Every structure is written in structure tokens, then in C-alpha cells.
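Two complexes are shown next, each including subunit A; its partner changes from subunit B in the first to subunit C in the second.
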Partner chain A sequence: MALASLFTASTYAMWLRLAVIAGAVGALELACRIGWVPMTIVLPPSVMAASLVELLASGAYSRDILVSFSNVALAALLAVGLGFLIGAILHALPAVRSAVEPLLASYYAVPTFMFYPVFIILFGVGSGAIIAIAVLLAIVAMITATLNGVDRIPPVLSKTARIFRMGPVERALKISLPAALPYLFTGVKLSVAYAFIGVIASEFILSGAGIGYAIAYAYNNFNNRSMYGLMLLIVLAVTLINTGLDMIDRRLQARLRR
Partner chain B sequence: MMRHILGPVLVILCGLLAWEVLHLLVANSSLPSPLATFVEMGVLLRDPDFWKQAAQTAQAFAVAVVLSTVGGIALGVLLGMKRLAGQVAEPILVNLYSLPKVTLYPVVLLIFGLGISARIAFGIMHGLIPLTLFTMNAILQLKPVYRRSAAVMGLTSWQTALRVVLPAILPQVITGARLGVSLCLLGVLIGEMFAARNGLGYMVTHAMERGDMPTVLAVALIIAAVALAANGLLLALDRSRQP
Partner chain C sequence: MSAAALAQVPVVAPDDHHARLRGVTRIFGPRNGTGVHALGPVDLDLRRGEFFSVVGPSGCGKSTLLDVLAGLSFPTAGTAEFEGKPITGVPAGVGVVFQEDASFPWLSVEDNVAFGLRRSGVDGAEIARRVDYALGFMGLKAFAKAYPAQLSGGMRQRVCIARTLVMQPRLILLDEPFGALDQQTRLLMGDELLRLWRETSATVLLITHALDEAAMLSDRVGVMSARPGLFIDVLDTGWPRDRDSRIVSHPRFGELTAHLWEKLRAESLKHLRGS
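On to the complex of A and B.
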């Protein structure tokens, strides 16, 4: 039974996917070892992994890692909280919403990142400016998801709330939030991804701490070993977090189709 | 129509007002006022050096857009026509999409050197994946009757892709292209901001280092305006294509 479930269609795709990734990593390792790809450009994956283990064990980058992850967490938290609040307020005020919505629709066309220097003026070089730009990047995804989620609450649920004579608070907690949750969670997932992009990119361009800064520093000093170790750390961390959030997301989406 | 535009215009005016207030509040006004920024924009638009930098950025951007559009659609069709390939690739692509690609920029620089090709490659890295995902998912969700009719008429898979599938999924492809174009621009600009000696992204970082805030804001606003115009154009195309 357990063996049979290993070979259903979707798990088959999953195993195939793992095989494709393993094949790509293996091919890169081979190409580096044979010398097709010079070691001065790309390091073999095994060396990247060894470097990652070393730099985690030595603790040389512990501060940078801590700074980056706490900035991402704070930015994502702020974006989700404020985005939800703004979304809920906009939904309650249709006049304001119709004025703001066309702007929200083309928001992601603007390279927000160009305004990072402005935040450096306002907050100085450091976590303040970085969190601000990450929030700015992430918040609109959450606002849009909130509006979408509240819009799609089935009318029958609102009627049920009326029949049970629920107050506004009880109604929000027991009806609206659970009904909108799958859509809200999609917003959370996007916000976390954007917060990561915002934080790492700003550290890269201009800052004095963080993993992005450490990678840029290692690049400028031709320290390929540390650079690739840190890159692997980011790729693994983002993949792990995204996969986790995606699993929850899929479960919630499945609830919608029930 | 007037009422349609009135709302967003009011919101933008409120934004300008907030900017002015912020300008008055920030200590010794290191944040330029809206008026000063617009004056600087006028100066820049008459400055041949600005146009030289803009041409650099435009060149990298144009090549990146063309290559990522062609590549993204081709890759999306290839993965979409084979269901299993699509299922295998989708989570990998989604994960690549949400990866902070700046992390990988040093690799691009090591491979392509410091020239324009590195920025083009970085733009493609940003723009390719959304278009691939949109194209692939559109084909996977296409009604089976399209593919079956093509098979009945004895079309080869090349003809099916070109004559049946692509026209059927055009609206989704345009949506994907809209996202891809904005991300391409972001990729090229970030590339210029980090390591380049020309282009608008370099102009912004260089002005920032000199503490020349009006230039930073003016360039950023000009880019934002161009990006919004391009997006508006694709959005209009998108809507005219919707049934």
C-alpha cells in the first residue's frame, strides 16, 4: 500500500523532478571537475556545500545571517499586517477603493527598487531603509489578496451570519476570516517571497550587514568560496520556506473546491 | 470616463501632498520637494548625457525583452504540450521565480564579465520565468477539444502549436508578457545599480553617492513613468483581446 502510493501520477512527477534536479547538480559537478567550467567562475556543488557547512560552523557570518532573516521576518510581518488592514479598510470604503484600485493594478510595473535611495535618506543606511523598501515591495500583494478574498466570500455565508444574529466581531472571526483565508494565505506567500527579494537586493546594493552584503563583499574580494556558500544558503532557505508555504497553500486551496 | 480618471488623479495629488509634507519635515530638507524634482526632470530631459545613459539602458532592456519573450513562449509551449514535463517543471519554475535573483548576479558577472551582456542576461533571468509559467499553465488548462480537433485535421505538433494552441492562449501570453517586461526592466536596472559604469541604474547609484537627491528622484520618476506607460499599453492590448 505504501509502496503503491509512491508511484501514483503526482508522486511520479515528484520523483522525476528530484531526478532532474539531482541530474543537473551532478552534471555541474562533473563539468567543474573535468574542467569544462573553470573553477574561477563556478565552483562544483560539493565545494559549495562544504563551504556552507564551514561558514555555518565557524560562525563568521552568524551576525549577517541573523540580520537578514530578522529583517525578512519583520518586513513580511509588517507587510501582511498592514496590507490586510489597508485591504479591509479599502473594502469598507468603495469610493476610495475605486480610486486606488487602478493604481494597484499597475503597481508592480514600477521598479520600486529605484526609490531605495530615498529611504536611505529618510532612515539612514541600515535595517530601517531595508525593511521599508521590502514592505513597499510586499504590501501591495497582500492588499490585492485581501480585497480578492473578501470579495469572494459566498453571499450565503453572510446570510447565515444574519440568521444566527452574529455581531460584527463574531461575524468577522467566525465567517469572514475563515472564508477568505485561502485567498489571504496566497497573499502571505507572495509577501514573504517579495520581502526576501527586497531585503537581499537592498543589502546587495547598499548596506553594511546582511547576507546580501556579505555576498557582494565576497564577490568584490574574489572570495568565491564564501560567495558560493552564502548563495547556496539563500537558495536552500528560500526553497525550504517556499515549499512549506506552498504545501499549506495547496491544502487551503483544496478546501475551496470541497 | 471623467469620473474614471478623477479618482486615481486625486490619489496621486494626495501622494504629492504627502511628499511635500515629508520634504518639510525631514531634517535640513535632504529630501527634495516635488517642485524641485520636476524642475530637475526638465533639466535632465534636455541633458544629452542623460539620453546617452538612457540609450544604454534601453538597449539592454530591448534585447532582454525580445530574448525573454521569444524564449519564454517557446519554453512554455514545449513544457505545456507535454503534460508530464509541465508537472515536473512547474514547482521548479515557481521556486526560481520567488528566488531573490540578485543573489546570483555575481555568477552572471563572472560568466559574462562587466559589460552589457551581463545586464541582458540578468534581465532575461527576471523576465523569462513568468512568461514560461503563464504560457505553460494556459496550455495545460486549454480545453481538450482544441488539441483533438488539431489531431483530427492531421496537423503536426509544430502546426498545432503555431496555428491552434498559440492563438488560443494569446490573452494569457500577453498577461505573462506584461509581467515579464516589468521584471526585465527591474533586472536590467538592478544590474546597472550594482556593477556598471553606464546606464540609468548606474546614474542613480552614482548620484546617490554624491548625495545628489534631486537627480536620484528625477531619474526614478522618469523610469516609473515610462514603465507605467508601457504597462498601460500592454494592459490595453490585453483588454482588447479578452472575449
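On to the complex of A and C.
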């Protein structure tokens, strides 16, 4: 790699971002080490990292980690699939759509978590209720993204599909879906983020397993070391997944015209 | 002068027609007199292999005329035929290039061009041959792997023309395909269009609002009135088949353009004044 490419505008921003993060982590480390922040409140980042390595190596939390991540994956998958389906149906029914759209717009004003008793009654304590809450939290982002994506298909592409004498199914698969994909992917990104929030937060209140439950359990037992190790795990996992999704997103956006 | 006072000029060629419109009228909205009478009645015969342009003021129904020939919209009254068969949907053998960029942003240039062929069951070697030829013809070879977002507007329009060309349509309908391009690019694209037309021997119908474009490219130019669009004149340019944009320095080019403007000036004023 040429040296010059390390200093282009976008890589400059990247280095600056890394410097800000490293500075913040370093400052926290220093504050903890010289006693400004008592170790009983916050652990130094190096200890969090050491704890994370230990708890991954020991396997003590393997089951919790597996439960949380599979719940997040399942919730995101359901939200994306159902959200797309509902979005597509709403788009096909303009009258229903215009009736429902204001409700969708104000949906995120409702604190979904307050419904947790309802979900315990419906699904019992465990993964079922957790996934239901996470799907409920994530699905509307996908519905909205689907409506937006289908709206933004340029009319000339639909005309082109007719000129190519395509049937409705072929047109949907070969024209509408790829044309809407960059917008749909925005919904996918949001759904994954909401699924994480929904699953981890629900595990605090209605679960006996999962990373959220493990954090709450460690907190109740004054086990700061494990608590911060698990928090670091979630921060790293979310950052990694989001970076991956962002890379795909940027590639899709780059193909959009204008 | 009112529209009713204009005698409609039937643009007919009884013996040799590739596409034929008879009494084609298009009214948008209700038919009880409150709808918008956009077009007609229009009689038009496109001769096999000719380059026919339609000029007219904005909103005169030029695009509606093209939509009827493309089978994208149906006349309120009258009949439309292509190769002797009534047009009941988009006919096989018709290719259309629109004014808006219709390239597929998710496909590379070569995949855009191959799109129609791949779904029509042409074998791989033949697809590769035709795509390669069209890319070369349109000056897109160096950009075969690029995506439309990386190309200029003129090049994207060339992608759309290439995508139409590889299907070897017998009737090519062009709806102001160079409308969004700058003047120099338009002249050069006009040359490419003429070259394409000579090589394919297809019939071409070009909708345009640029009088010079019509005068330079066409065998015949039909002049339409303000809404409801009727043909008020048809002009034989008399150009040889192997013409190119250099004919703009020919004295007749000026005469043709002036003649078209004379016919259109009153109509364009009508549109401007909204009557």
C-alpha cells in the first residue's frame, strides 16, 4: 500500500476516530490507575479486557453467549422477513397503507418493554418472550424501510420491465427487489440493532440465561470483573457486526445513482 | 389560428407500412368531455426501415403517441398495428429508449447490456458476441465492468441504447433520449444513432423537441400541433442514407430547420400562453 493512501481524507477521519477512542480508553485507564475513579465503581479497560479473555477461555458463560446471540439472530431474521412481507403487502394496498402509516410513524414513541408482562403470559419466561419483544421492537423499522424502498423504484424501470415483457414475478425479482435493495438494507441494519437492544434488555427482566441475565447476576453478586468483561463483549460484538453491515451498506449505496 | 382550423395531415404510405396508426385518439380521465384530450385523431404510417422524427410543442402528446406504438398505453379510439398485427401489449421486436436514465444501477455495464438476451434464451456464445459488439459500437468497452453510478449521463444513455440494440429490434422507439444531454454530446450521439440505424436496417421513430436534431437525423419529420396533438405537416428531408452530423453545414439543413420552426412557432406560442 502506498504511503500516500494512509493520509487521504477518509483514512484521515479513520485515524482521528481511532485516536479519539484510544484517548478515551487511555484516559479511563489512567483515571482508574491513579485512583480518581475507585475500582469498586469502574474497572480499568485493561482489566475489563483481561476479564473478557478469562471468561471466554473458561467457558463459564458460553451458554449465555450462545443463547443471546442465537436469540438476536432469530429476532433479526424474523423482523426482516416479516417486516418486508408486511411492507410489501401495505404497498400493494394503498388505502390500508395511508390509514396505517401515521401509526407506524409514531410507533417508536411507545416504550415496547412495558408490555413484558403480556409476553410472559403468552410465551412464559424464556427465549420465546424475549424474541417476541425484540421482533416487536425491530419490525417497524423494516416495514418503513420496505415502503420507502419500493416507493423509490424509478417509474422508468417499471416501464423498462414492461418493454422487456416481464411477468409480475420476474419483474419483482429482477427489477423491483434489486432496485429497492439499498433502501431495504437500511431496514436490515436497523433491525439488527433493535434486535440486540430488545434481546439484551429483555434478558435483564425476563430470563434465566443470556448475556443480559449474566450481567445482572454479576451485578447482584458484586462481581465487577465479570460484569465489565461481559459489557465489553457486547460492545465489541455490536461494533464488529455494525462495521460489517456498514461495509455492505456502503457498497450498495455507492451503486445508487446521483 | 385555432387548433380546429388546422387541417390534419395524414402521414400515410398505403403500400409500405411497418407500423400503422389510424384515427388514434387518447383522452386521459373521464370521457364525458371533462377529460384531457391529449392526442389525435392521428393517422400515421411508418415505412419499413425509415428514420421518422416527431417534433411538437411540450405537452402535445408526442410521448403518448410513442406509448401507443410501444403497447404501453392504449388509444381511447382508433387502431394501432405493428407488422400487420394489432398492438395489444408490448409487441415482440420493439425496443424503446426513454429520456430518463433506465440503466439498472445494480448491474455492471456488460450485465446491463446482456440483460434482455439472458432471459430470452439466446445461447452464451451468441450473447457474448452481441454484447461485445454493442459495447464496442457504443464506445463502452473500457467500461464493461463499471457500474452506471460511475458513468456520465451520456454514457448511461449509451448503455440503455446498447441494451436495446442487442435485442435486434425491428422497430426502435426513442423518447427524447438525448433530452438530458449537452449539445455537443447530443450531436455525437446523433451520429451513433445514424450509424446504428444504417447497420440494423430497423425502423426508427424519434420523439424530440430539438428541431436541429430532427432535421439532421430523419428521412421524414412529422410536425405536431399543440394539444390535442395532430400532425400539421410532414417534411421529407431528402438526405442520403449515409449522412452524419456534418450535414449541419449543408444549406438545406438551415432551410429544413427554418421550415420546421415556422410551422412550430405558432403552436409553441399557444403552449406558452396556455390556451
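The working rule: the second predicted complex is superposed on the first by the 256 of 258 C-alpha atoms of A that agree within 3 Å, B and C clash if a C-alpha of one lies under 4 Å from a C-alpha of the other, contacts with A are read in each partner's own complex, and residues count from 1 in each chain.
Rule of thumb we're sticking to: contacts are C-beta pairs under 8 Å (C-beta built on N, C-alpha and C of every residue); 3 or more make two chains touch, one makes a residue touch a chain.
As the structure is a prediction and not an experimental result, all values here were calculated from the model.
Legend: residue contacts after superposition of the two complexes on their common chain; A:216 is shown touching subunit B, with no touch to subunit C. Judged by the touch definition given at the top, the superposed model places A:117 against subunit B, while subunit C stays out of reach.
With both structures placed on the common chain, the touch criterion links A:165 to subunit C but leaves subunit B unconnected. Of the two partner chains, subunit B is the only one touched by A:196; subunit C is not.
Touched residues of subunit A were counted for both subunit B and subunit C, and B has more of them. In the superposed pair of complexes, A:254 makes contact with subunit C only, with no contact to subunit B.
Looking at the shared chain after the overlay, A:58 reaches neither subunit B nor subunit C.
When both complexes are overlaid on chain A, the residue A:179 reaches subunit C alone and has no touch with subunit B. No residue of subunit A lies in contact with both subunit B in one complex and subunit C in the other.
Against subunit B, in their complex, subunit A makes its touches with residues 10, 13, 16-17, 20-21, 40-42, 95, 98-100, 102-103, 105-106, 108-111, 113-115, 117-118, 120-122, 193, 196-197, 199-201, 204-206, 212, 215-216, 219, 224, 227, 231, 234-235, 238-239, 242-243, 246.
Only residues 70, 72, 89-90, 92, 94-96, 98, 100-102, 104-107, 115-116, 119, 147-149 of subunit C touch subunit A when the two sit together in their complex. Within the complex formed with subunit A, the subunit B residues making contact are 6-8, 10-12, 22, 26, 30-31, 84, 87-89, 91-92, 94-95, 98-107, 109-111, 178-179, 182, 185-186, 189-190, 193-194, 201, 204-205, 207-208, 213, 216-217, 219-220, 223-224, 227-228, 230-232, 235.
Across the interface of their complex, subunit C is touched by residues 154, 156-157, 159-160, 162-166, 170, 174-175, 178-179, 181, 254-257 of subunit A.
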